[in-house]
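Listed next: structures, encoded as structure tokens.
You will see two complexes here that share subunit A, one where it goes with subunit B and one where it goes with subunit C.
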Partner chain A sequence: MRSSRSADRSLSPLAGPTRGLFGALVLGAFLTLGCDASLAAPMPAAHDGEATPVSGGVLHLSSFADIRAFDPANISDGLVVELLELVFAGLVNYDDEGKVVPDLAESFRMSDDGRSYTFTLHQGIHFHSGEELTAADVKRSVERALHPDTPNPMSSFFSMIEGYKELQSKASEVLSGVRVQGKYLVSFHLTEPDATFLPLLAMHTLRPVCPNGGARYSDTWHACGAGPFMLPEKGWDRGREINLVRHPGYFRPGLPHLDGVSMTFFVNFMTEKYKLARGEIDILREFQQPDLVRFQSDPRWLPFGQYEADKQINGEMMNTEMPPFDNVELRRAVASAIDREHYRLLKATALRSATQPIPPAVPFHENDWDCQKYDVAAALDHMKKAGYPYDPATRTGGYPDPIPYTLYQQGLSSYTAQVLEQDLAKIGIRIQMRVVNYPTYLALIGRRKTTAFAPAGWNQDFPDPSDFTDTLFHSRAINDEDSSNYAFYASKTADDLMDRAKHELDPGRRATLYHDIQKQICDDAPWAFTHYYRFYDVHQPYVKNYRTHPVWTHDVKFSYLDRAGEGTRASLSRLGLAPAAILPRWP
Partner chain B sequence: MVKAALRRLAYVVFVVWAAVTLSFIASNVLPSDPARMVAGPQARPEDVARIKKDLGLDRPATVRYGLFLSRLLHVSSLPDTDAAHKTCGTLGPLHVDLGKSYQQRRPVLTILGERLPRTLALAVVAVFLQVLFGVSAGAFAAKRRGSAADTATVTASLLGVSAPTFILGLFLQWLLAYRLNLLPLDGFGKTFADHATCIVLPALTLGLFGAAYYTRVVRDEMRAELLRDYVRTARAKGASELGVVRHALANVALPLVTLIALDLGGLVGGAIVTESLFRWPGLGSLSVTAILDRDGPLVQGCVIVTSAAIVVSNMVADGLYGILDPRTRRR
Partner chain C sequence: MGADDESLSRRVLREGKTKAGLVLVLVLVLFSAAGPLVSSHDPFASDFTFGISKEQTPLGPSALHWLGTDRIYRDELVRLALGGRLSLAIGLGATAIATAVGALVGMIAGFFEGSVVDVVLMRIVDVILAFPFLLLVMTLGVVFERTTPLTILFTLGLTGWLGTARIVRAKTIGIRSLDFVQAARALGQSTPRLIWLHVVPNVSPLLLVLGTMSVAQMIIAESVLSYLGAGISPPTPTWGHMLFEGQDYYQAAPWILLAPAVTILASVLGFNLLGEGLRDAIEPKR
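Showing the complex of A and B:
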């Protein structure tokens, strides 16, 4: 008996509550040690300010995400865009202010009727594979990207080009709307004037690919374009990293300055911070919230941090085809009851209160206009008009049933849902949260008569207001499945205005039209617009000529490294590449 | 003998088929659209529809399931360069076809072929560390029962059991890579030497976590063994303490083999958290991405490897029982 008790005791020297407490202490100690609060000092530059550009060195980036494909004809993730920008040059591109400017094209002109655009190419531009880029390559690349067998998620954006329907239906193997007018002259012909054509052309989808890309898309093609950097053999290790090297035949003399750009994928936020401290990456864009606050409050890092453009709108979507939001007054009540400041404070380092559908970085956003605003008295008035009067003093009345609210587990929505719940309680509306995973959420929100109320957001595909208004609120965007008009909102007035704005080429008249469109949408309230999201990044002081870009996120094409002791050979060696192994590929 | 082997093989096939079928049903019952996940959350309906057709998702689930099973293992005289067989792995006329990943647009077999060796390497090193640390510490504690050393070992093992791998992994990364700069923070590297250094942190994380269990098992089993008659007899005959421990350990091996087999099978399926934390490009991180992306063919491929690994490791354990303890052969 005695020996048995003794054995039990020795088997469990820490038993019951003591064991739990001990476990908690251990966990706490690990967490404390793991979450190192101090920030490493920035690594100094050799010179203050923007010095004479230095050639050489490799810029290192990282992300928690991954890229799925590396082909301008198959862009299905947000991260690859900044890498495609380095490898593929286009006829036109965006300047630092988001304005469309010529790039591979020396110049371009639009016909008087706004239906044709003619581009004159620079002569002597060479692909990474050595061949000269001609107008025929432009046409071949466009047809390759828009062919129906290409898994291009952005094909339909270019449906305004003549012959698109015939190509898609395989009635024709060529795109009649793209014509080679000479070795260096190519023209695009549209079915009708379209203000979105140039902004879309400046994106990556139709950018010229090397002749070895062929006339049709292939999953096994090795990416090759005419941009400042090229992808060497084995330069992309899927799911791990991509290493780009300088294109020695880039058509802009003396550029780029860097020998290469490297990006590592699937890196968790904590490791990214360590990598910045160890000099393994040069720019940090993804933070754990406490670290972001630390970087922003550290005077050593403050000069090297900046916000990226607000290119994202978020809000609460109300399905106009489903009760109770088929009642416009109830939608207006919700839009007025939400205090946007409550949302902003959830993540004050990244969020800004939203007042209108078009985000601040997109043309025709109006800075000093509260298209929708917080006004509880107005919200209560709308509740009364909707037939559900509510008395806040006695807490009587209001909408009788809880409204199902579908949200997903990632990101901010589980927090914003709590704010929403509290704000709506003030006007007598209760919500019932239904949490699903992200893929399920995506399927449900786009399915007709399925989701009455849900958080929704939209990121800029291309910098034109129609990317927000037409995609989210035009009746053409309604579909039984995969509808991007999540609210299933249909207004003839709004549709007409959006159609006119899309075909209007005069910026002044477009501005007026978009003001009217936003006003109509705000008033009909298919969404209650709540917040814009913006990212912040920091870079090491030795990364020069670096800036955030309104469209491409990072603009590192022409950045340079002003750090002593990092030459070309050392940089390539860090990439595990020998210069001789790369450069002979280019004649 | 042949009959027993065939029965075992049938068992393996049944378990793998059941696992794959369940995962196929689950991925088709959930209200989500793989084509939408491929096209991206903002793709237009017409583009999603085209991609859906391209991936064959416009066909009924039953048709796709039948096609999947018929392609999984088939006989063909055509080589894998033939258009209809380019996603196949071939062994003479025998073709294995897991299809093409929706997201990566590459044969699933190719992807698994890249990932499996890395996961196997991590699993083997991690289990080796578990056994090394666990058996040493367990035997040490058992030999000094009731002493301060015993208490310290039990406490340390409790530490290991209490700390989930993501906490332990973060701590080891912070200490060994960031603070002491002894190891790479994460990754896989390019050369064998790189791989050898990169594997240390994930293997150590898994090894320490698993070793905690091993310590407790070995300690308890050893304590029981050390009280048995044969140990007393051995000591009476003048056997050294090391010899006594060696004899006792041999008898502890049976439960240990079960643990090792289960761990090895589980780890081949992928140490999801640890692989993700340290960017070890194995099956664990691949499975997570595949599930989140609703990448059906890749999920099926991962399920086949995982379920096969667990069944096979259990069969190996059963075989080892017979070798370690001949009495079990008669049963």
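Showing the complex of A and C:
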């Protein structure tokens, strides 16, 4: 029997998981009881305040995520944007207040009819590869990014440029709307005035790439631009880390201050916290809620923490083409039944109750306007109008069948779904949750007549309200697959308003139009807007000239380290690079 | 038979392990059965008024919520009890299925040892054994659009019989060659009758031991599935899913993690002790 006892264990398919989880449970119990929950003290700076910038040092960052590509023409994830901002400079960029300002361009002007923009480049700008940047490089880079063979997810945003259709259809190999007017002069011509052109141009997609980037995209190209940092040979260890080093020929004298910026990938939140405590990373922006509470309530860390801009909208998507949400009154009932405060309390340090589709950090968001709001009486009234009256006292009536609700396990959605279920039960609506993995969820909500009800969210691509309204609610954004209009909402009134707002250049008139657009969307309720998500970050006191940015996650381009003993040579040594390896081909 | 039964039950109860295991299991069963009935808290309702700390995080153990509140401010204790009902029911139900299937396959294969039937059945066992268990179960989970307690129960039951089949087969081969079985066969008893009258009674004690220990493994398996997100859809509580929900809060709100962890440990310990006690009582010479 002893042998059969051991055979029992070895044969049982459950034996492995049993032992594994058993061990994990015991270990977890010890960890729980044994871990120190207090925060390490911040590491002090060598000088108080923003003293004279110190050159040298490497800024260390980390993330739980990874980047898939490193090319401005193929931005496939959110994290890479932080790094592209360091390596690629554009004709224009966003200043600290989110306004579009010249960068590689010395100046720019718009024609009276709003259809042409002419940019005068700074002279003597050098790429990381050493060549001087000229207007021809700008045109080449734009055509490279917008060529139909380039896997550029943002390409269609630039359809307002003359010749875009011809380039996309391969009727032409050049983009006629981008014209080289001189060595340092380049102009863009649009088919009609478009308020989104400059905000889009300030993003990374069309930023100039080195001549070795060629006229066509290649996924084997080694990233090279004209930004303050450059990617050295072997600087990117895929799936592990990326190490950028200072561009010695950066066109702004004396900048950047840092010798390099390093980012490690796939680091979990808990490890990141300990890395910050040990000084192995200098900025932390990914937290578990309890840790965030600790950082925010610790007076030692409070001066070094800050919220990033609110540029994400989340809500409950209701597919307007599918029953029961083809009934507008039922959608309005859901939008009125959700207590946004309950959502906020799920992660009070990061969430804010949402009342409208445009998030607070995006132009034309209206503070103190409850475009949608929690009102159970109104929700019950809408249920009655929808044909499904519900009596909360007797709990009779309501929508007869459970409504399938598709969600994914990661993040907050499994918790918001359970709060949603409680809120909707008060008006006689039941939901039936279906948990799928995230890629499946994405495929399902973008497929026509597939998903009736699901959580949805949108993060800002560029700081213009059209990025939210047109992307999520314009009928042009409806596709049978990969629809970004998840609710498949089509309203001629809303479409007309959105089209007018896109081509309206006067800020006052745009504000009025976006008010009307939001009102129409809130009333038709393709989404019940529930919460805005905002990130918080903390940095070590020795990281100076650091701030969050209204458009980019945070701006570390011109930060510096005021930490004793962090010299250039030591930093390079930490990067595993000898100085000769990074001072290259460059005149 | 009567004297043997008394002797066996005395032996069973004499075993310290059995008593300890029985007490643990009974306490958990009682807690799970009665908890949701006696608690004033709704296991599915968040308490956004009193179940939340001033830092707006889950409330710790208090007079109102004895085990504190969970990630969305529901009473942890009542959810733990309700989760226990499901976890124990799945553990017992899946074990019943796995034991029945395993016993049937094992007895048929053992009785026809060396025949085509035996070879086919054992190769099926080999093939399924060679397939990673979690992958197999998760694949089955994906096939069903929405995972319910019944889905999990049958998935675990229909994939957890392999070890039992092999052990029962070996035991059956031994029984088949015993004199009284050979004599019954010579007297013309049919094969089903032989199995029913002579094999089943002799493998039953073994099945009892295997089954008791298997309950613990099934509870763990259900917890693993729920922990990995392939378990029962929310808001239905299971211990595994509660463990998953507690992991992010293990420092700030350790009760969310510890409560299901301790109950899983206790249930596994209880069923294992019970199984070992039974085995020692049934085969005292070991």
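In the analysis below, the second predicted complex is superposed on the first by the 555 of 587 C-alpha atoms of A that agree within 3 Å, B and C clash if a C-alpha of one lies under 4 Å from a C-alpha of the other, contacts with A are read in each partner's own complex, and residues count from 1 in each chain.
The definition used in the following text is that contacts are C-beta pairs under 8 Å (C-beta built on N, C-alpha and C of every residue); 3 or more make two chains touch, one makes a residue touch a chain.
None of these values were measured; they are calculated from a predicted model.
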Touched partner set for A:77, first subunit B, second subunit C, both or neither: first
Touching partner for A:444 - first (subunit B), second (subunit C), both, neither: first
First (subunit B), second (subunit C), both or neither touched by A:414: second
More subunit A residues in contact [subunit B versus subunit C]: B
Contacts of A:148 with subunit B and subunit C, given as first, second, both or neither: first
A:212 touches, of subunit B and subunit C: first, second, both or neither? neither
Touched partner set for A:111, first subunit B, second subunit C, both or neither: neither
Contacts of A:434 with subunit B and subunit C, given as first, second, both or neither: second
First, second, both or neither for A:290, with subunit B first and subunit C second: second
Touching both subunit C and subunit B, counted on subunit A across the two superposed complexes: 7, 11, 13-14, 22, 26, 31, 33, 437
List of subunit A residues in touch with subunit B within their complex: 6-7, 10-11, 13-14, 19, 22-23, 26-27, 30-31, 33-34, 36, 66, 68-69, 76-78, 148-149, 151-157, 219, 238-240, 264, 266-268, 270-271, 274-275, 277-278, 280, 437-440, 442-444, 446-447, 458-459, 461, 471, 477, 479, 481-484, 576
Residue numbers on subunit A that touch subunit C, as the complex places them: 1-2, 4-5, 7-8, 11-18, 20-22, 25-26, 28-29, 31-33, 35, 37, 288-291, 293-294, 297, 341-342, 345-346, 348-349, 409, 414-415, 417-419, 421-422, 432-435, 437
Touching residues on subunit B, where the partner in the complex is subunit A: 30-33, 36-51, 54, 103-106, 145-146, 150-151, 154-155, 158-159, 162-163, 167-168, 170-171, 173-175, 177-178, 181, 185-188, 190, 220, 223, 276-277, 279, 281, 285-286, 289, 292-294
Parts of subunit C lying in touch with subunit A, wherever the complex brings them together: 44-46, 48, 52, 55-57, 71-73, 128-129, 133-134, 145-147, 159-160, 162-163, 166-167, 170, 210, 213-214, 216-218, 220-221, 223-224, 227, 229, 233-235, 243, 247-254, 257-258, 261-262, 264-265, 268, 279, 283, 286
